[in-house]
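Two complexes follow with chain A in common, the first pairing it with chain B and the second with chain C.
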Partner chain A sequence: MDVLIQLAIFLALLAAGYAFGRRAERRHYDSIRAREDALRHVLVLGERLPPPGFAHCETTLVAGSVVISVDYFKTVVAGLRNLVGGRISSYESLLDRARREAVLRMQERAEALGAQAVINMKFETSRVSGNAGQSIGSVEVLAYGTALIRT
Partner chain B sequence: MTLLPDGNPRIPEGINASEEHPLREFAQLVVGVGVLLVLLVVSLSIAVKLLVGYVPFSWEERIAPTLASAFVSEEESVDSDALRALRTLGEQLVTASLDVPVAGGAAGDVVPATAFRFHLIAADMPNAFATLGANIAVTRELLAQVESENGLAMVVAHEIAHVQLRHPIASASQGVVIQLALGMLLGSSGDSLLGGLLTTGGAVTLLSFSRDMEREADARALQILAAHYGHLGGADEFFHSLGDGRDERRWLEFVQTHPNTDKRVAYIREAMGKAVRQGELTPLPEALRVQERGGE
Partner chain C sequence: MLISNIEILPNKRVVKHLGLVQGSTVRAKHAGKDIMAGFKNIFGGELGSYTELLQESRDEAVQRMQDQAAAIGANAVINVRFSTSAIAAGASEILAYGTAVVIEDI
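Our next item is the complex of A and B:
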């Protein structure tokens, strides 16, 4: 009987994780694509030095950060994947979303400041929940760079 | 001079995140891991079954005391005359069983005759069971369900047979080994709920005997009965009341712990039919005559 109750809880969490996680992911990707198109004019470059044409301009630090949490379904899939090895694709899409969202937030900040480009863009990441027993954790992705504002 | 582009390029999708449907991957993993786990459990069970014969009874006795203490507290409420009579019957049957060899050799070498402990417990359900350390327990309600000593002897002999065939240790080791293996595998997978679920699934197998075990124990019990009484009369007595199904809920526990009852009765009756000698039933000793509890 206990086993059945545990099984029911497990399946309910799994279904809820899948339904909500999947919906959130689809909506998030739609929003990411739309905003990427809208912010295409804010150039993001990896170069350390300003490109020609930006010789005399204001510079300022811009950053965009996002914290994402994994859902129960993804945890279970990753747990099973741990046993056999291979690509944990359930986490890949999650981190892909996080990186793109962080860059978008950085670009939004740069646009608000009137910047035309962001140079020296870098990513940072850190685990938020640490080793707090439960494996459902969250991760922060931070994108930062130097915004170039033509005066 | 390099010319800057007008905007950031559109990066194609599906490079960093695969577009495969998550349920597809989940299904593949569940089936793959499931098959592996089943193979693991099956091979471990077979290994335990092969090796358990080499576990000396003294090892079993060493881990048993924690279990036996659970009976002793229940025992106190039961009158000692009946318990003494049950022990006498049990010891007679153990002595008779020494003449019936088991696969490992003489029955007395596998489990010493002095190791058996008989317990009478005051449970409402008619049931009898054997656990680690040659502990055999009969519920008081079971005494009310048998009419002759032979009927009770069949039940007790069946449990003695379980012990001599090393079923309790086989079943316990199987449960522990499977639980440990699953715990080690799934504990590391980082998901406590999934791990907990599968390890409790492993614990369910703890100390429940398989159909094969019940059949072996029945066959041996009949031999013990024949050695003790010289005939098999009354061997199916306990199952008479079971078959009546008067109050199915009361029998639920017995049926759950003793699978495949119908086939067992058929087997016992067949053996009784083949038996050459028929004999008189021995009446139940006065101390073991228990009235069925009414008004419940």
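Our next item is the complex of A and C:
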């Protein structure tokens, strides 16, 4: 009987994770795509030197950060994938979303300051170990760079 | 105070190097928020309270670094880097470090 109850709880969590996680991910991707299109005019470069045309500008540090949580379905799928090895696509999409969101927030900050470009962009990723006992909790991503504001 | 993560600033010249400055902070959310985050781990999605926490800590770390730079007479911090780590359950550390310099306009 106990086993059945545990199985039912497990399946309920799995279904909830799948349904809500999928919906959250789809919505998030839609919003990311729309905002990426809108912010395309703010250049983001990994280079350390300003590109030509930015000889006279003000500089300031801008940053964007986000913490995204895994859902139960992803955790279970990743656990199964660990047995056979290979790409864990459920975590790949999680990190992809987090990175793109962090860059977008940085771009939004830069745009608010009137910047045309962000150079020397760096990422910093870490894990939030808020939920002890689980293999992975949530990922936090910080994107930062130097905004160039033409004067 | 000018903060930047590049080392050669347009239209500015470094007059004096004053060495490394740093600022760090360790922050945690209260247990209620941690429990909510636990629920979020089932459903997925953004953890707003942790994003806020990260943002506050980053501002705090940069502020401490700035204070340290101001104390030694710098007017800019260049080549700034961030580093984050999870040191305990529910707590995260953020470190900002860079080179304190005195700059002047060319």
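As a working rule, the second predicted complex is superposed on the first by the 148 of 151 C-alpha atoms of A that agree within 3 Å, B and C clash if a C-alpha of one lies under 4 Å from a C-alpha of the other, contacts with A are read in each partner's own complex, and residues count from 1 in each chain.
Heads up, the rule we're going with is that a contact is a pair of C-beta atoms (placed from the backbone, for glycine too) under 8 Å apart; a residue touches a chain by one contact, two chains touch by 3 or more.
Only a predicted model underlies this, so the values are computations on that prediction, with no experimental measurement involved.
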| item | value |
| --- | --- |
| Superposition on chain A - do chain B and chain C clash or fit | fit |
| Which of chain B and chain C A:13 touches, first, second, both or neither | both |
| Partner chain(s) touched by A:41 [first = chain B, second = chain C, both, neither] | first |
| Touched partner set for A:83, first chain B, second chain C, both or neither | first |
| Touching partner for A:68 - first (chain B), second (chain C), both, neither | second |
| First (chain B), second (chain C), both or neither touched by A:50 | second |
| Partner chain(s) touched by A:31 [first = chain B, second = chain C, both, neither] | neither |
| Shortest CA-CA distance in Å separating chain B from chain C in the superposed model | 12 |
| Chain B and chain C contact sites that coincide on chain A, given as residue numbers | 13, 73-75, 134 |
| Parts of chain C lying in touch with chain A, wherever the complex brings them together | 2-11, 29, 34, 37-38, 40-47, 50-51, 53-55, 58, 62, 80-86, 88-90, 92 |
| Chain A-facing residues of chain B, complex | 1-2, 4-8, 10, 16-18, 20, 22-23, 25-26, 29-30, 32-33, 36, 185-186, 188-194, 196-197, 200-201, 204 |
| Residues of chain A touching chain C in the complex | 13, 16-17, 20-21, 24-25, 28, 48-50, 54-57, 59-61, 63, 65-75, 101, 119-120, 122, 124, 126-132, 134, 137-138, 140, 142, 144-146, 148 |
| Parts of chain A lying in touch with chain B, wherever the complex brings them together | 2-3, 6-7, 9-10, 13, 18, 22, 36-37, 39-44, 51-53, 73-84, 87, 89-90, 92-93, 95-97, 99, 117, 134-135 |
